[in-house]
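Let me begin by presenting the structure, written as structure tokens, before commenting on it.
Think of it as A, B, C and D in the order they're written, each chain with its own count starting at 1.
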Amino acid sequence: MTAIGTFLRWAAIALLATFALFPIYWMLVIAMTPTGFSRSLDGIWPTVFTTENFTRIFAERPMTRWILNSVIVAGLTSALSLLVGTSCGYALSRIRFRGAGALMLLLLVTQMMPATSIIVPLYILFARVGLLDTMQGMVIGHVSLVLPLAIWMSKGFFDRIPSDLDGAARIDGCTRLSAWWYVALPLAAPGLAAIFIYGFVTSWHDFLFAHTLVHTPSRWTAANGIVSFRGEYFTLHEMQMAAALVFAAPVIVIFVLMQRWIVEGALTGSVR
Amino acid sequence: MITPRSRRWVAPGRIGRGWIWFADGPGFPLLMLFPSLIVLGLVIGLPILRAIEMSFDTLNLRRPANNGETGLHNYLRLLADQRAWNALGLSALFMAGSVAGSVGLALAAALLTRRVTRGQALVRLTFLIPWTVPAVVTALVWGVMYDGNFGVVNRMLDSAGLGPGANWLIDRRTALWALLAAQVWNEFPMSFVFLLAGLMAIPTELYESARIDRAGPWSQFRFVTLPQLRPVLAITVVLSMIMGFKAFPIIFVLTGGGPNRATETLTVLTFTTAFRDLDFAYAATLGVLALVVSALMVTGYLRLVARLDDGREVT
Amino acid sequence: MPGVTFERVGKRFGGSLVLDDVSIEIPEGHLVVFAGPSGCGKSTLLRMLAGLDEPTSGLIRIGDKVVNGVPPRDRDIAMVFQTYALYPHMTVAENIGFPLRMMGIPSHRREGQVAQVAAMLGLTPYLARYPRQLSGGQRQRVAMGRAIVRAPAVFLFDEPLSNLDAALRAQIRVEIARLHREIGATMIYVTHDQVEAMTLADKIVVLDGGRVVQEGAPMEIYSSPATAFVAGFIGAPAMNMITTQVHRGQITLARLRMKVSIPDGLVTVGIRPEHISITTEASSGGIVGRIEWVEALGAESILYVKTESCPNPMRVRVSTSLPASTEVWLLPMREHLHFFGRDGRRQGEAGALVHE
Amino acid sequence: MNHPFLTAVLLASSAVLAPSGTARAEGQLSFLVVDYDAPGMGQWWQLLVETYQSTTGVAIEPRNVSARQYYERLVLETASGTAADVLTVNPNNILELVAGGHLMPLDAMIDAAGLRDRIVPGGFDRLTVDGVTYAVPITGRTLELLYNRCQFEEAGIAAPPTTPQEFLDIAQRLVVVGDDGRVVRFGANMVSGNEDPTYEMLLMWSIAFGGSFSDGQSNFTFDSPPVIEALEFMRAVYDSGAVAKGMMESDLRALFATGGAAMTIDGSWQFPFIQTNNPENFACFASAPVPWDGPSTGGVNMALAVNAKAADPEAAFAFIAMSATPEMQGRFSDFSAYIPYGVNALTDEQRASKPYLEPFLASIGTAHPIFIPGHQDDFNALWPIVVDAVTRTLVDGVPAAESLAQAQSEAVACCAN
């Protein structure tokens, strides 16, 4: 590659990177501006720094509780979807049965239905069985977002594992179930990790379900908590951005640690 | 000669004949499929069925007089409802824009970074970062940036000599595009991951042989990258379509469908019909419209992809 | 050690018939080879015996027991796959020990057995390695080890050597033969390679298009193939095939004319390359031709001789080679001629030469 | 691999088995309450709950909801039959709740408890439908002029405006432009975003120009001259550069509180928030009556009603009655900057310590309702129509008469009686 080519490539990367990072940077700038004064910012460089907003969100709001709730809900959602979804993905990958293609398509289509149109029936349903305003209810709601994706992706992963391995395991004394458990599942582990991350992030980010199905602030997830900084009386942008950064931090850490798995997960899940 | 010292066949989890029927017999598909089908049925199927049922009902909390009356009236109203079709059009536009934007940007980012060797992880992480931000927070931060009076977007345009900018979110000429930019920012990392993975899966020999055949960068892209990437690209486009069609927090928080319905997509209209107009039955009808339209779009698109794949040789 | 019986077994995948009314009897302790081109149904037959696929019709017996519907783990069989199907996430020791683990044998007792098998296959130094760290041959041995360790009643091999190079293939072929001698278990071996079939089998079952076309001892099949297909499939280089007319109980091959006990009509005459003698001197009864191409294999050579009477060059196996372009006369050995009718079935025999 | 999976199974099963959060014990009252945990008003609610619990022994389960989520929650809960025993309602939503049969008539109980005389005259009016009273008013809100005295003095402006024209002139004089030509401080706030406060903004200027959104017979008058004049005035303010454009109400409030705008028309509850978030400059902030002759907008903000399906209506009403006792009313202003509906609820000391409350106390009895009389249940259909009209004129430059004519026809189409 020529020098000019390299330069152009890096220039383009830098441009894209600016687009990707600037809003984050701006969140940081706002979060470090004294509460209420982000509008008087001048230029694009910060002039005053304060960490007050970060301490206030923990002192004045149950931020720790919210984050903990988010971790619990996202973790459970993801784990449950994995547990249930991988078996379905395996069945779709290994067993020929009528309607398999239709099921896959149906999963995709239901994903497209805006959640706003099922939220009312879901609400009524939850009210009837006492799941409203509970974390369990929120987990179940989130499973409806994550499970179809988990099924789709895990089918992709199992498709990549030669079916001879299952055959060998069954001849070696496994039932179909234990062949799945001892052979297919461990081999799909990197993919399952990727599904877990996708599911976790999806649940972590959800606002609509959190907003509609849970109303007691101590049971809120962090996404809901962050929005509450936009109060009726006052939008505390600075604290809100601080909270948003604190909220994004765990996901950033996950992405840093598991970047390889995320990309490889996408690789095995989507490529063929 | 080796003989196992135990002929005791203990399959793990063997409890009894009934269990074996599930674990290793005809019941196995049931065992594997049922948990998902039950959960899916409960959390997706049931609400959808209920929504369909509601669409034939009357359930207006504001005007409860006719509640309980059933029939096709919601659908008749839908046919004549200019606002709903306007919303459908905006949804389609928003979806198309977000697919074009996020897949285009993601493809550019993936192509640019795949051969980067130094600082590869860091560069990739950079493009993943917007994914860590929930849509609702995305809306909040872009809202602050877009502010016509104090927003950094206008300030930057100003200092770049492109001022005076605009009142992005309240001007009907700019609002939709402003929302799209925020949506694309939030969604492109997912497409980026998929496309990057797809690019990495293309065997390098193909490029080597293309170079031997004197293919330039464009020809390599056109005749190696694109056909090889097609399956992944198809999935990425579908996912991006789903996200664009479903987009809610960004639109709702930033403009609430305004100004003058310039950004009132079907999702927003469904929400406001339910929670502002309190007409749950008509909201459910709009939801059914969304379901039907999305089903048509996804199947149509997948057919198209399948036909293209039949026409050419792919992998 | 039980034998294996296939009784009128049929198999459909979707709309297509893969196996049609196949009946085979495999006596206990025998090594039987299922041979045939790809798609002939031989692997399906093996997978059905293993329990990985279920037959659409018919019965499969291991010993006296009908195993239809019996899950693989209860059939007392072991199988070596073409791809070896080693568990990538397990070490060699774990791979070999896996069947024992599934039997519920505690790990300290597994170790001894695994070590014994590993020693037998020369795998001892590799026990702690993962399959990806092994060569093709080593992987193949691990797959065998995993089969051997559980001492099954029936061994199944599904083209176990096709991913190996020629030298290794020959070596492991010998080892399989030895293994069969030592443990005397019933073995079923699927291959499309006629050399493996000929060298290993007690009995060969040749399949084509989902049917058994011939079964018998290797030499029996070699010397009297039941159909043109079997004749072409068994033996290398392949048998020469010449299509000609039977006219009044006689056939004419170039200037060679002989009586045959076949009704008049089209007939395919087959003659193996090793059953043609060749001479550079004009011979009245011979077929004249010119050497087009020589394949020197060292101890012997294969000559490709172009003749007037047939479109394809004739393959002739000789021990002393001749240069290309030489004009030669070919003399088929009359007692080794095979005749196949229009349906491909073996017919009649060669009679006396008829001189002009 | 197996271990995380097993852990997941355990976690999942424990989640399913864990007790559900909505399980309710017998002899307990649930109470839908807005911002129960927030400082200010929330503390008064807490005091009320504690007092009630200690006097009666009946436990209260407060269902806390943020102001932003309140309406959705109310709608969803009543629609799905899961609403609390005691509901927070307001005149905007009472009609639809009554129409849905969700509220219990309270007249008999109000009379029995002697509550009529304890509430400011007229307090029950907006909570009465067809002669039947369904709720007891607790807090009121009106909007008055709030201004930054220090900034006024700095600009040499002696007194706050008293007419719309003065409002515009002073606003323009108060604008401060920075070196880069961008506005550093706005002269005033005027809501113009796509949200219901914009509706109220037009309503209040319509009042200022002598009109309203309806006539005496509940007919819409969006295309009447005062409303047109009001919208033209808003456009003049908008175009003058004295106000921030297109911002949401809550953002504008933050702007005012931090000195980014010199005056605004807003509620009394702004003061505690300014005190918390900009304590150094709190002394600068003052209130004055709205800059026109005529009522300000507002009225009952929160009222308490009994769910028609309440298991124990007597206990529920006893709770509401307690909120109207002089003891509870007397504590109200210790916590909240809203205006209580109890007769003479504020003590002299309370008034002295919060001088900014005076204009609000003066106007609470006469406030012009936000909703259109006879169209309470149409509020959610009407405000978007009005906001669209305002946006058309302010942003797109459509003449006010044209925008409002369209609004009028849309309003008639949707909601005429």
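In this section, a contact is a pair of C-beta atoms (placed from the backbone, for glycine too) under 8 Å apart; a residue touches a chain by one contact, two chains touch by 3 or more.
Everything numeric here is computed off the predicted structure, so don't read it as measured data.
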Of every pair of chains, which is linked by the largest number of C-beta contacts? A-B
What is the chain whose Cα centroid lies farthest from the Cα centroid of chain A? C
Distance between the centres, which are taken as Cα means, of chain C and chain B, whole angstrom: 54
Distance from the CA centroid of chain B to that of chain D, rounded to the nearest Å? 37
Note: chain C sits from chain A at a C-alpha centroid distance in Å of 55
At what distance in angstrom does the C-alpha mean of chain D lie from that of chain C? 89
Residues in chain A with touches to at least two other chains are numbered 39-40, 83, 120, 124, 170, 173-176, 178, 181, 186, 227, 230, 237
Among all residues of chain D, which ones touch two or more of the remaining chains? 72, 79, 180, 251, 260
Mind pulling the chain C residues that touch 2 or more other chains? 71, 73, 102-103, 150
Strictly by the criterion at the top, what is the full list of touching chain pairs? A-B, A-C, A-D, B-C, B-D
Would you pull the chain A residues touching chain D in the complex into a rising list? 35-37, 39-40, 42, 75-76, 79-80, 82-83, 120, 123-124, 127-128, 130-136, 139, 181, 185-186, 189, 211-212, 215-217, 219, 227-228, 230-237
Flag every residue of chain B that touches chain D in the complex, lowest number first. 59, 61-65, 147-150, 155, 158-159, 167, 169-172, 255-261, 272, 275-278, 280
Within the complex, chain B is touched by chain D residues 71-72, 75, 78-79, 96, 99-101, 180, 182-183, 186, 192-195, 244-247, 251, 260, 377-378, 380-381, 384, 387-388, 391-392, 395-396
Inside the complex, what are the residues of chain B that reach chain A? 9, 11-14, 20, 22-24, 28-29, 31-33, 35-37, 39-40, 42-44, 46-48, 50-51, 54, 105, 108-109, 112-113, 116, 121, 123-138, 140-142, 144-145, 147, 149-150, 152, 155-156, 159, 185, 189, 193-194, 196-198, 200-201, 231-232, 235-236, 238, 241-242, 245-246, 248-249, 266-267, 270-271, 274, 280, 283-284, 286-288, 290-291, 294-295, 297-299, 302, 315
Write out the stretch or stretches of chain A touching chain C in their complex. 162, 164-165, 167-176, 178, 183, 186-187
